[in-house]
Amino acid sequence: MNLDAFVAILGIPALAAAALALIPGYRLSAGLNVAASAATLAAAASLFLVRPPGGLYLRVDDLSVVFIVLSAFVGLTTSVFSASYIAHEVEIGRLTPARLRFYHAMYQVLMFAMNLGLIANNIGLMWVAIELATLTTVMMVAIYRTHEAIEAAWKYFILGSVGIALALFGTILVYVAAQPVVGEGLPGMVWTRLIAAAHGMDPALLNLAFVFLMLGYGTKVGLAPLHAWLPDAHAEGPTPISAVLSGLLLNVALYAVLRFKMLLAANPGAVAPGPLMIAMGLVTLIFAAFMIYRRRDIKRMFAYSSIEHMGVIAFAFGMGGPLANFAGLLHMTMHSLTKSAIFFNVGHIAQAKGTQTIADIRGLTVTHPALGWMLTAGVMAIAGLPPFGIFTSEFLLVSSTFARQPLLAVPLVFGLIVAFGALLMRLQSVAFGEPSPGTARVSASYLPILGHLALVLAAGVFFPPAITQWFQHVARLLG
Amino acid sequence: MTGLSFDIAHLLAGSLVLISLLMLYQDRLTALINVFAAQAVALALSVAWQAHAQGAPHLYVTAFLALALKAIIIPVALQRIIKRLGIHRELDQAVGIGPAMLAGVALVGLALVVMLGVAPEADRIAREDLAFALSVVLLGLLMMITRRNAVGLVVGFMSLENGLVLAATGARGMPLVVEISVAFSVLIAFIVIGVFLFRIRERFETVDVAALDRFRGERA
Amino acid sequence: MTPLVVLLGAAGGLLLLPLPTLALGQSGLGRWLTYGGATAVCAAALGVALRSLLLGEICEASLPLGLPWIGARFRLDPLASAFLVVVDLGGAFASLYALGYGRHEPEPSRVLPFYTPFLAAMMLVVLAADAFSFLVAWELMSVASWALAMAHHREPRNTQAGYVYLLMANFGALALLLCFGLLAGPSGAYAFDAIKAHPPTSATAALALGLTILGAGSKAGLVPLHVWLPLAHPAAPSHVSALMSGVMTKVAVYAFVRIVFDLVGAPAPWWAVAVLILGGLTAVTGVLQALMQRDLKRLLAYSTVENIGIVFVGLGLALAFRAAAMPLAAGLALTAALLHVFNHSLFKSLLFFGSGAVQSGAGRRDMDQLGGLIGRMPQTALAFLAGSVAISALPPLNGFVSEWLTFQAILLSPKLDPWSLKLAVPAVGAMLALAAALAAACFVKAFGLTFLGRPRTQAAKTAREVDGFSRAAMLGLVVLCLAAGVLPGFVIDTLAPVTRALVGGRMPAQAGQSWLTIVPIAEARSSYNGLLVLVFVTLSAGLCALAIHELASRRVRRAPAWDCGAPDPSPMTQYTADSFAQPIRRVFGTYVFAARERVETPAPGDLAPARFEAVDRDLIWETLYAPIAGAVTFAAERLNRLQFLTIRAYLGLVFLALVTLLLVLALWG
Amino acid sequence: MGLIGAVAVQGGQMALVLALAPALTGLVRKVKARLVRRQGAPLLQPYRDLWRLMRKEVVLAESASWLFRAAPYLIFAGTWVAAALVPTFATGLMFSWSADLIAIMALLGAARFFLALAGMDVGASFGGIGSSREVMIASIAEPAMLMIIFSLALLAGSTQLSTVASYMLSSNVGLRVTLALALVALMMVAIAENARIPVDNPATHLELTMVHEAMVLEYSGRHLAVIELAGFLKLLLYVSLIGCVFVPWGLAPAGAPVQAHLIGIAAYVGKLALAAVLLALFETAVAKMRLFRVPAFLGAAFMMAILGALLLFVSRGGLR
């Protein structure tokens, strides 16, 4: 295989991982980490210009490019943030050098796995990649070796494995359904062939397969009632990982679900996957919205907010149609950017205040104005207030839903309001009021946070026509 | 595929389901592990037979993996854990045997019903195998939630995975089966290691999974 | 360069003004820049808006912002210009006032950056011509004002207020969002002209009306959606309170008018009934609540609720007449409503300025700690007195004119057909009359307790008059109030194009009337001349005083108050806010507040102090909001258990989900 | 007659009301005294009182502000202008269009507003009592009055008093339930507004009962005189209001010859005398009621007025 974007996208992280596993000093390794991520982003961006020809294993299309570039970008900003974050962790001795090497290596492995999952043209390969991503994150969640961390990792691990198993069963079923049409062997798993021949497959098998795939990959997406691992994993792992989890891994899993949704949609006999996604989306949204109220740990709270938004996105794609799909894509992008920005912010806050307990963080805008106001902006954005991008997507989603299916819009709006109330309540107690002790300055890197927020703001005010057409095109693809 | 070979494959697959039900029936860890080893053997046989019947030599690797890893290494390892922890006599049913068995039978029924929905012109053996595999998967999942401690959890998960391998091998000419089974073996190895490496005993004085849930983040 | 471009430029400038302000940091320069700049920009925008209102010109513009395939559309038509006048007038005076008042701000960095965006957002709401930009501006308005209400965030009361406020605002915005979604249809035609192009079916229109009442009403403060208002308005700095009460509520009224009169299309008679009854209830509830208050700014906020009720009564009448195809009457009713919008924005800003002056001058807002300020702060007192007379709808000031017109519109309503209206209108008229009378009582209390009598605290005794800017702003508004009351004809004629555009009718031209009288329909029917009334009253008062001083005596002797021969030196024996309101609480309280009074008089000879206890409850809060909050808490509490399950239980959930789906599938196939 | 006539009528009216107001009160007092077998003060006593008060020096409380001194004149002016716009003996008042019935009531409201403020100005406890009770009474009396006005306006198709009066003179009135309700309600309101028994007793200084007197407690000298005069005028105003709406006979229409106006004046004086006697009779017949019975009393008036208006809204006949 000649050297093309694929090789770059997969090779750079792999090599970087190998190298990082050996480099001791954290300055150097952090730098290399950033460099590698930057190179990956460059390679990913090149996909806009030149598309390497797809093979039996790898391929990109308009849909996956969106995801790839997004994950490469967030991967880069996260690596920048992680540099300063890890520095602090090393200072206070939470991370030993050995674990640091491990951490950086794993970070690149994760990037590798996610890119692989996104550009895989082969459902088996995609499955392997996502399993790899899961294992990596499990180990990174457990990196602090505290009771809570191990418990969270264990929970994540068990539930994740079951999810993976279900997904595999679904994959096998898809193959079984495809095999009579496409033929035995490798072709029976190649995405492009599957989608081409979908109409001829056995609908009953496809339905069965989608049930397993929805549940299997849905566990990764964090849809209720499969979400249980997500909050703890976010809360107990290092913050950069929380950011990557919320910002990227959930998207990758969602991407898989979307793929198979397209497959079912292409088959006339199969049941429409929309209602299932709508139902799970609504359940997830409302459940997560209520769960936010009682949270005491700030990272866990935002993890639940991620679950809530995943519910919204699943709902959007379940609704289908140009407007709703557009809204779904936009919402996904905006959520990745915003939520990772929030986690960056929260990481610094936790370091400054020395705690993650919401009750002990008060009056941030007084003690740490920059962090406090950025957090306020981030929460406003994530809560769907203009002029941030999420407002745009929620505007499109709610209005179009109400025009098409008024009864579905009611629970949607209900969930949104409940979640808003919860987030606002917490935000006010964290950012305003009499400040709590703990005024330590942190060597925070505001650049990633500001960058993300700026992008989200820009998307809310001015959405470039080029990207608009791109999204509209993809929305049409999704049907 | 001739009738005979089909019947053999059918028999072997069916035996897996049977053994799964037997596992539900066990209430001692040691016995549970032995039965699981038996299932692994049955799986190996069935996979080997598929390799022979489909003329797919690479499946022998899978069969060997199953035999070596799941029929021998892991059971032995688990037995040693249990000895070390001195919980070999421990009763670990969270749900009574009777209800568990009933549920198991119901699940098998469900699996068959679901599979009957599939159009018959699909490869018959694949269809039957899938029915059995689905049953094994569901039973394994059931076992995971009816067993109280980590070992039971591991065993349940492994039998679930047996079902997956059965399905994968049953699907004619399915690519990557070896890779996938390897990947899964890695996964299982991780779980077993996890039981060691997290040194659950030192931390929690037991392998009772509930102990792992004690902290659950916000309780403390 | 159309006026619209100028206005958009002004709004943009206001949006960007915080950047240099932040650059200047804590120095006083930032204050000068923000408030001075805002005054200038608002004054300029006011001129432009007024001009295009007088010329009745219409222009549109579109920017490549917002939704890409629609763009941000803006439109300047008479309605928009009329409300822009209100917004910019209020903005200009508030900024002028703040030039002085802002000096007392402890943390200017929490006020300045949000002040001008708040103004800009209100302008943009009025200008927006597509659903998306409308809602963006609308929410921006909410967020900015929330940030301003949180300026003094260290007081828990204020954060509480901010929470309720933003939550209600978001609720309202979502209601409007649903409404627009309904009007735009599945294809997403969000531009206003596209919406107008295909009017909705009657059912859709009714739903849209309901959603608009929820959305715009929650912002305007319609009962029972008003609960945030008396919390949030006092929390903000006074010049912001003035904007929120005097202007932002009017922007909400604009939203209602724009959607219901302009976008939705032909109304049904029962709409009018709903709006009328809501308006009447709002007016009475608001003023009764206001009467019970001790905090000057809370009192003013509740009185805002009352006036919004009056405005909505006018709008309801306009709807009724429009449904009955009586364009002239509809024109009269709508003019009355819009005129009251304008008037209220004047005197409510004036009164909030006054309360702010009192707060900075005497350091208190609680009327029980004030008193006698008329001696210490004469000009503020005069301004506040004028505002009180105006808001109590007493001639010859402007409040009376708009309420008089509303009554005239009510008198036209027997010609309306449906029985529901025949019964509703006189009932609402009675409510309106009641509200007007109670408002007078309320402001006797407000002015009397604050400025008259003897000072109740040292702080009130040593109060000092406020700075020049504040006084200039207040006196300017007094002049406007007087002008609008004495020469209302001009304002009415200016509003004519608006009413003609919306309901197809207008009041007869007032410019031609002799002696600047205003004549709603015909002179034989009714007419009013504020100018003559003013002249007569001043003349006869002056004559009387002159005559007595010349013919009889002009001697004066100062002596201690007689007080029935038993004067008490302690100022605490004066009437307090509660004791003044007590008779009215006795009369209305039992029904409205479920008020209870307990009196303990010790037996004769017993030296124990006598106790009096009066409890009144906010029934709306208790019956509507408390249960909702309780339900949410309950649900959160219950669901929260799912956070604490064991891994096995979670696996069980997965398992259940799987089995359920398989069963569905099995039953399906 | 034209303009001069109009000016003459307007001027004459203003002078007349000012001149007759004290006499009306004097007459009421006289008749009341006679009814209880007392001699009673002479008819012109009120004029003497006013003149004496005017020449006395003003004793001003130290805590009194400029508002306290300005209020009496404002109150007087408001009441006088209002009274000047109610047709007494002729409908063709020059400035009748400058304020309709609603505006007249609003003028009285303004007068009351300042009276209540003046009561609170000195900062003595009695003033507070008076003001708070006064506004409570007003808060029911004013809406009642407005509903009465609604009824009349709907009947006559106008809120312009002259138009109403001429409509009442015209033949197509007929007997209406609404009118009866309006008349009774108007009388009750008039009693309350003028602080007469049973609502208030102008003759006492017993703090438990007094309302109006409590507000003017601190006034003395010319200020008190002006306020008293305003009170007389107010009573006269209500009497002439009832007169011109419900017994409009004898009113000289606009542009009528001089003798018609003379007849009108005679009729007017007659009406006043009759009203005084009736009021005196009523006041001696009934007893002062407890303060917190007053809302019920006025509430009844309010309800009657609303009922009257409702009847008109519901029945369309005869409405313009």
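First chain written, first letter: the chains are A, B, C and D, and each begins at residue 1.
The rule is short, and it goes like this: contacts are C-beta pairs under 8 Å (C-beta built on N, C-alpha and C of every residue); 3 or more make two chains touch, one makes a residue touch a chain.
It should be emphasised that the depicted structure is a prediction, and the values quoted were computed from it without experimental measurement.
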Dominant chain pairing [most C-beta pairs in contact]: C-D
Inter-chain centre distance, chain A versus chain B - centres from mean C-alpha coordinates, in Å: 31
Mean-CA-position distance for chain C and chain B (Å): 70
Rounded Å distance between chain C and chain D, as computed from the means of their C-alpha atoms: 35
Chain A and chain C, separation of their C-alpha mean positions in angstrom: 44
Set of chain B residues in contact with two or more other chains: 114, 117, 141, 144, 153, 212-213, 216-218
Set of chain D residues in contact with two or more other chains: none
Residue numbers of chain C (touch at least two other chains): 643, 645, 647, 651, 654, 658, 662, 665, 669
All pairs of touching chains, each written as two labels joined by a dash: A-B, A-C, B-C, C-D
Residue numbers on chain C that touch chain B, as the complex places them: 643-649, 651-652, 654-655, 658-659, 662-663, 665-666, 669
Contacting residues of chain B [partner chain A, same complex]: 114-115, 117-119, 121-123, 126, 130, 133-134, 137, 141, 144, 153, 157, 160-161, 163-164, 167-168, 171-176, 179-180, 183-184, 186-187, 190-191, 194, 198, 203, 212-218
Touching residues (chain side chain B, partner chain C) in the complex: 94, 107, 110-111, 113-114, 117, 138, 141-142, 144-145, 147-148, 153, 209-210, 212-213, 216-219
Touching residues (chain side chain C, partner chain A) in the complex: 64-69, 131-132, 135-136, 139-140, 143, 150, 153-154, 156, 159, 162-163, 166-167, 170-171, 174, 177-178, 180-182, 184-186, 188, 190, 632-633, 635-637, 639-640, 642-643, 645, 647, 650-651, 653-654, 656-658, 661-662, 665, 668-669
Sites on chain C touched by chain D in the complex: 371-372, 374-375, 385, 389, 392-395, 400, 404, 407-408, 410-411, 413-415, 419, 422-423, 425-427, 429-430, 433-434, 436-438, 440-441, 444-445, 447-449, 452-454, 515, 517, 523-529, 532-533, 536-542, 544-545, 548, 551-553, 555-564, 567-568, 571, 573-575, 579-584, 586-587
